[in-house]
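Every chain is named by a letter (A, B, C, D, E, F, G and H) in the order it is written, and numbering of its residues begins at 1.
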Amino acid sequence: MKLMVNGEAHEVAASTLAELLAALDYEGDWLATAVNSDLVHRANRAEFRLSDGDRIEILSPMQGG
Amino acid sequence: MKLMVNGEAHEVAASTLAELLAALDYEGDWLATAVNSDLVHRANRAEFRLSDGDRIEILSPMQGG
Amino acid sequence: MKLMVNGEAHEVAASTLAELLAALDYEGDWLATAVNSDLVHRANRAEFRLSDGDRIEILSPMQGG
Amino acid sequence: MKLMVNGEAHEVAASTLAELLAALDYEGDWLATAVNSDLVHRANRAEFRLSDGDRIEILSPMQGG
Amino acid sequence: MFDLLGTKLPSRLLLGTAQYPSPAILADAVKASGTAVVTLSLRREMADGRAGEKFWSLIRALGVRILPNTAGCHSVKEAVITAKMAREVFGTTWIKLEVIGNHDTLQPDVFGLVEAARILCEDGFSVFPYTTDDLVVAERLLEVGCTVLMPWCAPIGSALGPVNIMALRSMRGHFPGVPLIVDAGLGRPSHAATVMELGFDAVLLNTAVARAADPVGMARAFGKAVDAGREAFGSGMLEPRDVAVPSTPTIGRAVF
Amino acid sequence: MFDLLGTKLPSRLLLGTAQYPSPAILADAVKASGTAVVTLSLRREMADGRAGEKFWSLIRALGVRILPNTAGCHSVKEAVITAKMAREVFGTTWIKLEVIGNHDTLQPDVFGLVEAARILCEDGFSVFPYTTDDLVVAERLLEVGCTVLMPWCAPIGSALGPVNIMALRSMRGHFPGVPLIVDAGLGRPSHAATVMELGFDAVLLNTAVARAADPVGMARAFGKAVDAGREAFGSGMLEPRDVAVPSTPTIGRAVF
Amino acid sequence: MFDLLGTKLPSRLLLGTAQYPSPAILADAVKASGTAVVTLSLRREMADGRAGEKFWSLIRALGVRILPNTAGCHSVKEAVITAKMAREVFGTTWIKLEVIGNHDTLQPDVFGLVEAARILCEDGFSVFPYTTDDLVVAERLLEVGCTVLMPWCAPIGSALGPVNIMALRSMRGHFPGVPLIVDAGLGRPSHAATVMELGFDAVLLNTAVARAADPVGMARAFGKAVDAGREAFGSGMLEPRDVAVPSTPTIGRAVF
Amino acid sequence: MFDLLGTKLPSRLLLGTAQYPSPAILADAVKASGTAVVTLSLRREMADGRAGEKFWSLIRALGVRILPNTAGCHSVKEAVITAKMAREVFGTTWIKLEVIGNHDTLQPDVFGLVEAARILCEDGFSVFPYTTDDLVVAERLLEVGCTVLMPWCAPIGSALGPVNIMALRSMRGHFPGVPLIVDAGLGRPSHAATVMELGFDAVLLNTAVARAADPVGMARAFGKAVDAGREAFGSGMLEPRDVAVPSTPTIGRAVF
């Protein structure tokens, strides 16, 4: 399945958001996820099914003013 | 018929805007008229029929900054 | 003998500055004295002889900015 | 005779200020002269005798703010 | 000549018509200022009073261009209908659009301003919006069809002069092609010269002239200051320098 | 007309003659500015060079009043002899007295200034002292015979404009009867208008005009700004107000 | 203590976390400043890079309150989703709302700001809107549910300090009961003291500290200046006076 | 520690002792400010009144260093004898030398000041001259033996704060090695922070604290502001920038 993850194209087998994070070695409770501009809560990642072409954002805390 | 003319209550016989202006001794091409917050063009005053309770504004040029 | 003390005329018997201070009930090591615009050190007040018309200033610490 | 004229050493035969000006090709009523820091009026240049080592300033109008 | 929306004007000073000691002084002030555009309002006419007629005749006699305004309007609706009535009376599509958002500062309500500007631009008006020095608001006004902007430089009638030079410079820099007219807040001719030196295209005044001890003399003074500021802008001013620089050549100095 | 020590002048702008791109531009700038007084210096004349003659002819052709200066002098002695030589060359008792005390700021040495002023006043000169905004120094200069004062408003050539408005206002307030000419530090016409609005009698400029991209246009701009500021001073300006005041009467407003 | 939306804080200085030479210096600066609230952002995490984790651990160790921000967002949509993601990560409903409207000045887009604030307030956020000094915009923000305002005093990172004191005073005067935090534009401790003396409730800084030669020393300096300004506001400062007044009693002066 | 003429001081704030609501408040203000040096005067003692004694005991109990002054003196003679009497009473060679030249602005008479300073320096005093921001006067004061300078930043008691930043910066730049203490004119802690940020070594205050609604709180505020300004001076402040610069990294921004 083709996905855009943080702006980069990925070809991954993962079918849920949780699987995608694992596949790409993302972990930690400081991460926030959005799919196609909608927030996906941590609790919902396991059942959140991805579709071809989905745009996923995986964010974490950074310096900001 | 009861009308509000420039914020003051008037009891007048006039049935059109043109008649109202004449009745109240308003004249001059420097006047602009509105009825119930809508502009009434000079050309349309003769056929513009007033209804009880109409709010009429009769304005003319004044100092402004 | 007529003297001006801090701008006021005084008629006193005192012949020295020390006697004047005593006569006028001035005492204390925080006082500074000048006669006719010259400083008279504390140590010299006893032998400093006054003359008629001398102008004596007796100053002490005060608020200042 | 050795003279300093406008800061430069000169060896000239001139014995008066007027002769010096002529010798150095200075002319014009817009010139002002000083010898050893004293003004020498135009009218006095002819009889003003120079001495060895004199410092002569010959000035004229210039841009100024 | 100053080209304002295709109209050639001999002066970059626009003048308000309120608060003068008398109509005669207003007329003399307009003449002394050299202005070619005056702004005026519409107000309720009293029956058989002829205030409007007298004033209107006076203004017409001056032979200047009219810029009607919606001064005193606090809502989009008020401003829009006032603009339409002004167009009928004054026979011009020019309108100085004021939508006041605060009773104390008389500053624009930028939300209502953009909305009213959109409606009036679509209706064929040439809208002169009285706005703040906010660049983003300015962009919105241009997007809805305004082709000129009238930023304030201080609250109306405050006479404070330009209180935020940085913002004015930024505005000029961001909209190089748009006619920018400083409206409101000027108190002294030096204030007018200052904003013209920044490259603003014109200024609009009222209180500073009308409430001066001698409005006619003050009008003349502002006229000259506006010219001076514009000419300076075009003549390449020195940048301020921190260290002093001699203004006289040091070569050839005499030594005494 | 501006009465300066008994001389009636058509302009309140005095102009320096240094640093112009060319003599022709200097001449045009003087004409464009409307100035009636220019200031110039004395410098060493090169033998058979005729620099002085050419410049002097140019200036004389302008038909303006000459105010010689002692620019560049750092001592009383230098300043006094230079003044005397200037009197002989230019045939005037007027002298703009500069005794420079600091190489960086070119500010006056107020001690040398008062001493040189005393000597020259006793010798019959009309001394125009280039001074600071120090009131006590000003009083000394008047005591030794000066009848006009030329305070700086910023370092020479800095173009900073009035850096201490408070001091300038205080000076004007303390010497109501004395002609006060702001000398040095002005960079823009708005600066000149500002000090004239404070009630100063005139301004003297050089760098701001001579070093502008277009000295002639800038000279014209300063001429207008000085007129504007003077006229405003005489016309009773509004005091700035903190709160906004409507510039349009609120009576008779329509309600829609 | 400073009561901010019901939270008692020991300091009125809020600090940004960007641009420090190192995380260690950031941590030391936060401690030296005495701040109790820091603001930070969300950014894309690189796979198996652990940037976010390291930074987040560092911040948590400081034991300060977190104010997440939407810095860098140029649209309502971006700002809203970023705010929601921040709420999940940081477990707080506080959000410093930035909707940038201009790439150069980084000023707020007041239209997008009000819209995003409305959406987020309805969703239960405590919105800290980064806004301008526009009173009308401020009123809109309060209408849509904001209970605190964060006006700029100059463009972000400009270090210009308060460029429009009049507008800041006006804002304070119009919203006496609303916590007002000056956000953006401060460059020096004296700037921070100045706005606190005007009665603002707090300031938020970043660049001025992070980019100082010694961020830790500068953080300490700002912390003291904020305290000083607040204490002065509460202690009744003298109004400036135009004329000088002796600071020493003149009675009892000796006469020599 | 601040090394002032070889004396190590824990504070860079010097405080005047006049105009407080009560002696108790004066004492509390001195303590709250953290100052280590207070300045006071000599006045005529009334017979059998013990005003001087009471005041002097109060001051001694504070355990601070005394800087006697010649406040109110208008002549060299007055100032010199007052200084000598102060030396006897207070047992210190330190003297804050005031020779007032103008009754309204209370500005120094720079001519009398230099003369009195010369006499007192020759007599072994450590003279702290209250002077203007005139560089040339400052050079003269150093020539006659002063090793510290106390320039004003505005008229005494005006609370205007630094009215001529350019001159203060110039003074700091010209006398890098000389202790410079800003004396007179400060009205708010932000003013004190501003001059300390410029690199001045200390400030001396009186009216701004003594006449505040709460002198003790204001004294504390000034103490912090002076520390803040000094620390900022040593920590390398950002230069103001005209264009806005993002204070948040733009890399890694999410795209929604």
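Simple rule for what comes next: a contact is a pair of C-beta atoms (placed from the backbone, for glycine too) under 8 Å apart; a residue touches a chain by one contact, two chains touch by 3 or more.
Keep in mind the model is a prediction, meaning the values are calculated, not measured.
Contacts with chain A and chain G are shared by H. Counting steps between touching chains, the shortest path from chain D to chain G takes 2.
The greatest centre-to-centre distance from chain G, using averaged C-alpha positions, is reached by D.
Inter-chain centre distance (chain C to chain E, centres taken as mean C-alpha positions): 72 Å. Chain centres here are Cα averages; for chain D and chain H they lie 54 Å apart.
Computed from the mean C-alpha positions, the centre of chain C lies at a distance of 66 Å from the centre of chain D. For chain G, the set of residues that touch two or more other chains comprises 16, 18-19, 41-44, 69, 71, 77, 81, 104-105, 107, 155-156, 160, 166, 206-207, 210, 242, 247-249, 252, 254, 256. Residues of chain B in contact with two or more other chains: 6-7, 34, 37, 57, 59, 62-65.
Within the complex, the chain F residues that touch chain D are 16-20, 26, 39-48, 50-53, 55-56, 59, 68-69, 71, 77, 81, 84-86, 88-90, 156, 206-207, 210. Taken in their complex, chain G has these residues touching chain E: 101-102, 104-105, 107-111, 114, 132, 134-137, 139-140, 154-155, 160, 163-167, 170, 174.
Those residues of chain C lying in contact with chain H across their complex are 6-7, 24-26, 28, 30-34, 37-39, 41-42, 57-65.
Those residues of chain B lying in contact with chain F across their complex are 6-7, 34, 37, 55, 57, 59, 62-65. Taken together, the chain F residues at the contact with chain E in this complex read 16, 18-19, 41-44, 69, 71-72, 75, 77-78, 81-82, 104-107, 155-161, 184, 187-191, 193-194, 197, 206-208, 210-218, 220-225, 227-229, 231-232, 234-254, 256.
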